[in-house]
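Next, two complexes with chain A in common: one pairs it with chain B, the other with chain C.
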Partner chain A sequence: MLLAPSVDDVKAIIRASATGVLVFSLGIALLAPVALVLGEANAATALLVGAAPAVAMAVLGRRIPTSSLRLTWTRAIVTATTTWIACACVAAVPLYLSGHFVGVDAAFFDAVSGVTNTGHSLVADLDHLPRSLVLLRSWMEVAGGAAFLFVGQSLLEARRALATSLTPGDTMGEHVMPGTGKGLRRTWRTIAALGITGVVGVGVALSVAGVPLASLPITTISLVAAAATTGGFIPNTGAVGAYHSVVVEFMLVVLMLGGATSVGVLAAAARRQHDRIRNDFSFQVYVGMLAAVLAGTMVGLARAGTFEAVVPVARHGIFSAVAAVTTTGLSTVAPELFISDFGVLAPAALVTGMAVGGMLGSMSGGFSTLRMGLLAKGVISDVRKVLQPEGAVSRVGWMRLGRREVLTDAHVRSAATTVMLFLIGILAGATVLLWADGRIALRGALLTATSAIGNVGLDVGVLEPGQAWYVTTTFTILMLLGRLQWLGIFAAIGFVVAIVQGRR
Partner chain B sequence: MARDRRSDDAGRAVIGSDERDRRWQRTEEPTWRRALNGIGSVVVMAIVVVLVGLALSWLATLVL
Partner chain C sequence: MTTPRTRHRLLIAGFIAALAVIGIGVQWSHDAAPRVPLDVVPAGAEDPESVEARTLTCERTLPDAPTRDLEEVEPVGRVSSEAVNSCPDAFDGQVVVYYGEVVGDVLQRDGGAWTLVNDDAYALTLGPLSGHGDFEGGNSGLAVWLPGQLATLADEPGNADRRGDVLRVNGVVRRADPEDGGGLTLRAIQAEVVFEAQYLETPVNRVQALVAAVFTLVAIGVVVWDRRLRARR
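Let's turn to the complex of A and B:
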């Protein structure tokens, strides 16, 4: 039986969503004067046309009176979903008005790709996109990444999610957002530390690599935002390899690893609690996945004979493996080569890394290393039960930043559900692609679908401007499902159904 | 005079292990130092990844 949400529920969700939309839209509005300074009057107008109504509506939304500003579990999840979709709608307006998109669906696809930190793009003539719109893409990545961290930290802080899922457990009725402020502090500190390090490191590396001073600031910002937030959008078709700089690539590897490491682990590293990090189960699986994907990529590249010498194998292999596991989707070669020249094993290793993704509690996508680890623990637990005498009690546990957790059936079920939904999403996306264009190879379709639902954004030449509307719509939905971890979207749909059909 | 944070209400020193004292001191590090610790750890991780990647690629190229 569904209970209809109260009027206060709806008011609280609108008000909280309006706060998120206001911050996001103000950021877009601030880019308008930047566009004017850059001599891009049309882009400035487009940015204002998109941001101004959104700011006005958000201001009005924040004036709605509610009995409590605290968000319960249901309110928090529905608020997160509505905020993400509303922000994508706002960002789609200037993108569409830029004239670089074939249709509204393509512009909305790019907007969703930006706020979900995916990195896919259907922009036509990418190399001549106005610089202010490149900054808009970067802002979308930063805002999306920060919001994702904040929501994740708030849920973890409520100590109910057990870092495994959006399973509400015993939290119904209790407030989970905005929390005590610890999550917000950790979020902005992480963003600031990665941002400052990135701007200094990548900026210096790019200037040494010979990037002209005039384009240095925007190139630096876009690369840092792409790597540190795992967003993966860069404003040139030549990939990161176009800069021909090992130092730039190393700095991006640092940022990608930072962006895919959980805020809790980064905070423990800041306090030099290395023993806690070493024992952290999610971190162990993360390191294990990195090693496995690195090994698979190296062996695959060596076997396919893609590169003849050790150094190119290492250079392209390391970058590709890190970009896959951290779900950044950047590459040092033209992405089409992943299908045509990388053989079979290397792309398979990369797809596996993309599907699993980085750590829960970071900005990365995928179904996360912790869920992967919990599934493995579940198998171990079942094997133990079979081998032990009847009636014996077996407890399997894992460490989470110095605290011991005991594995329960709910953890394994939750992890298995998410993984299963991811796999269904990959199959659905690949099927739509194969249906739309018979020339697409199965490998390319599977890689692209994994890339979308894992919020990776590695485009191997399959998603291009001019795609059929149902392809862009399917992949837009996949990106949202991936970022909101499925249950967020399901909860929002259930909320709407409850408004219509629920018992009052 | 402000009471020592490691003393109880009566002002008596709280006896703790050296490890606890060290942890207490660690949390008192300035923000910039903690940021450097965090970023430094990620840089070390990246260096390890690069070294492991180099070793793996050398092995893979040698064997295959």
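Let's turn to the complex of A and C:
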């Protein structure tokens, strides 16, 4: 039986969402004067057409009276979903007005890609895109990444308020941000540290690489946002390889790894709690996954004969593997070369890394290394049960930042459900692509679908401007499902159904 | 005195009406975008894409296959970036002719410069999208190394304001260029500017400016009203 949510629930969700939309829209509005300074008058007015009504509606939304603003679990998760979708709608307006998108669906696709830190793009003529819209894309990545961390915080608080146990399958970051004030400060510090490191490091590296001073600030901002938030949007068709610099690639690797490492682990690293990090199960799986994907990619590149020397194999292999596991989706080569020049094994290793993704409690996508690890532990536990004498009790545990947890069936079930939903999403996305265009190879379709649902954004030339509306819609939904870990979308749909059909 | 139910209905109706007004404003602005297309670049009319290049296969060269010296390599004529990216192995070491627009940043290095040279429709035929609004897929290009004095040719790369210099490059395709850490490159032997950079003269979209002004004024009005109400409390 469904219970209809109260009017107060709806009001509280609108108010909380309005706050998120207000911050996001003010950020877009602030880009308008920047566009004017850059001499892009039409982009400036496009930014205002998108941001101004959103600011007005958000301010009005925050005035809706409600008796309780308490963020329960349901309210928090529905708020997260509605905020993400509303922000994407706001960002889609200036993108659509730029004239670089075939239709509204393509602009909305790009907006969702931006706020979900995916990096896919259906922009036509990217290399002539106004610079203020490149900055808009970077703002979407930063806002989306920061919101992902803060929403995790809110959900954690909601779970605590309801005094229920936390399971690793519950959305994200269950252990990374204890205590709102402390956790928020820690999250801010993480974002600031990544941002400052990135701007200084990448800026210097780009300058040495020969990027002219006039374009250095915007190029630096867009690359840092793309790597540190795992957003992966690069404002040129040549990808990272267009900078022809191993130092730039090294800096981006550092930022990608930072963006895909949980805030808890980064905070422990800052406090020099190296033992805690070493013993943290999620971190161990993360490192193991990185090593496995790296090995698979490098062996694959060597076997395929893509590169004849060790240095290029290592350079492209390391960058591609890190970009896949951190779900950043950046590449050092033109995306088509993943299919035409990387052989079979290397792309297979990369797809596996993209599906698993980075750590829970970070900005990365995928179904997460912790879930992968818990599934493996569940299998080991079952095998042990079979081998042990009847009546024997065995407890399987794992460490998370200094605390020992015991594996329960709920953990394994939750992880298995998420992984299964991811796989269904990949199959659904690939099927739609194959249906839409018979020339697309199965390998390319699977890679693109995995890339979308894992919020990776690595495209191999499959998703291009002018896609059929049902392809853009399917992949827009996949990106949202991936970012909100399915539960958010299901909860939002259930909430709407409960409003219509629920018992009062 | 209105009941809560009526108030809620009015709120929802107001919200839908606001969305409709915003939607009309956005679509009106979009449709009113002025277009001033650039000239079609007659680049490469005398160099149609080579038949020989199209007949090359995409089979990968095995790592132990004998390597060829540059002197042995026969020119294959004009190629497109799409063909080279789809079939890099077939063009490895070949001397080719390539036409394209310099875009993005020109990276000056010792002994030359790296450029990104696009040969898609926005580069060669139609010009930047904002000038005409006709969609012709995405961008496509090659990384081109311009050695020595050739680096000075690419002094006006394309961006949102202009179509950059269009070059005719005669060079060697390197599938895994050892001097670029294994990147796919075109190393220019000769290059010339066949079409100078051309600036877009896109006028301001007046309808969009009007809609933006109205929306901004409304937003400022709502914010001021909200602040006054808060100050009263």
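Simple rule for what comes next: the second predicted complex is superposed on the first by the 478 of 504 C-alpha atoms of A that agree within 3 Å, B and C clash if a C-alpha of one lies under 4 Å from a C-alpha of the other, contacts with A are read in each partner's own complex, and residues count from 1 in each chain.
Simple rule for what comes next: a residue touches a chain if its C-beta (ideal position, glycine included) is under 8 Å from a C-beta of that chain, and two chains touch if they have at least 3 such contacts.
None of the values given here were measured: they were computed from a predicted structure.
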* Does the chain A-based superposition show chain B and chain C clashing or fitting? -> fit
* Asked: Touching A:Val55 in the superposition: chain B (first), chain C (second), both, neither?
  -> second
* To do: Would you sort A:Leu442 into first (chain B), second (chain C), both or neither based on which partner it touches?
  => neither
* Asked: A:Pro212 contacts which: chain B (first), chain C (second), both, neither?
  -> second
* To do: Could you figure out whether chain B or chain C reaches more residues of chain A?
  => C
* Asked: Which of the two partners, first being chain B and second being chain C, lies in contact with A:Ala334: first, second, both, or neither?
  -> second
* To do: Quick one: classify A:Val200 as touching chain B (first), chain C (second), both or neither.
  => neither
* To do: Pick one for A:Val383: touches chain B only (first), chain C only (second), both, or neither.
  => neither
* Arrangement angle, chain B at one end, chain C at the other, chain A at the vertex (C-alpha, nearest 10°) -> 120
* Which value, in Å, gives the least CA distance between chain B and chain C in the superposed three-chain arrangement? -> 10
* Structure fact -> In chain A, both chain B and chain C touch residues 309, 313
* **Touching residues (chain side chain B, partner chain A) in the complex** => 26-27, 29, 31, 34-35, 37-43, 45-46, 49-50, 52-54, 56-61, 63-64
* Structure fact -> In their shared complex, chain C is touched by residues of chain A numbered 7, 39-42, 44-46, 48-53, 55-57, 59-60, 62-64, 93, 96-100, 102, 123-131, 209-212, 215, 219, 236-238, 241-244, 246, 304-309, 311-313, 315-316, 332-334, 336-337, 340-341, 343, 464-466
* Asked: Where on chain A does chain B make contact in their complex?
  -> 189, 192-194, 197, 250, 253-254, 257-258, 261, 266-267, 269-274, 277, 290-291, 294-295, 298-299, 301-303, 309-310, 313-314, 317-318, 321-322
* Asked: Mind pulling up the chain C residues that touch chain A in the complex?
  -> 4, 8, 11, 15, 18, 22, 25-26, 29-30, 33, 58, 60-63, 85-89, 103-109, 113-114, 116, 118, 120, 122, 128-130, 133, 135-141, 143, 158-161, 163, 175-176, 178, 180-184, 202, 204-205, 208-209, 211-212, 215-216, 218-219, 221-223, 226, 229
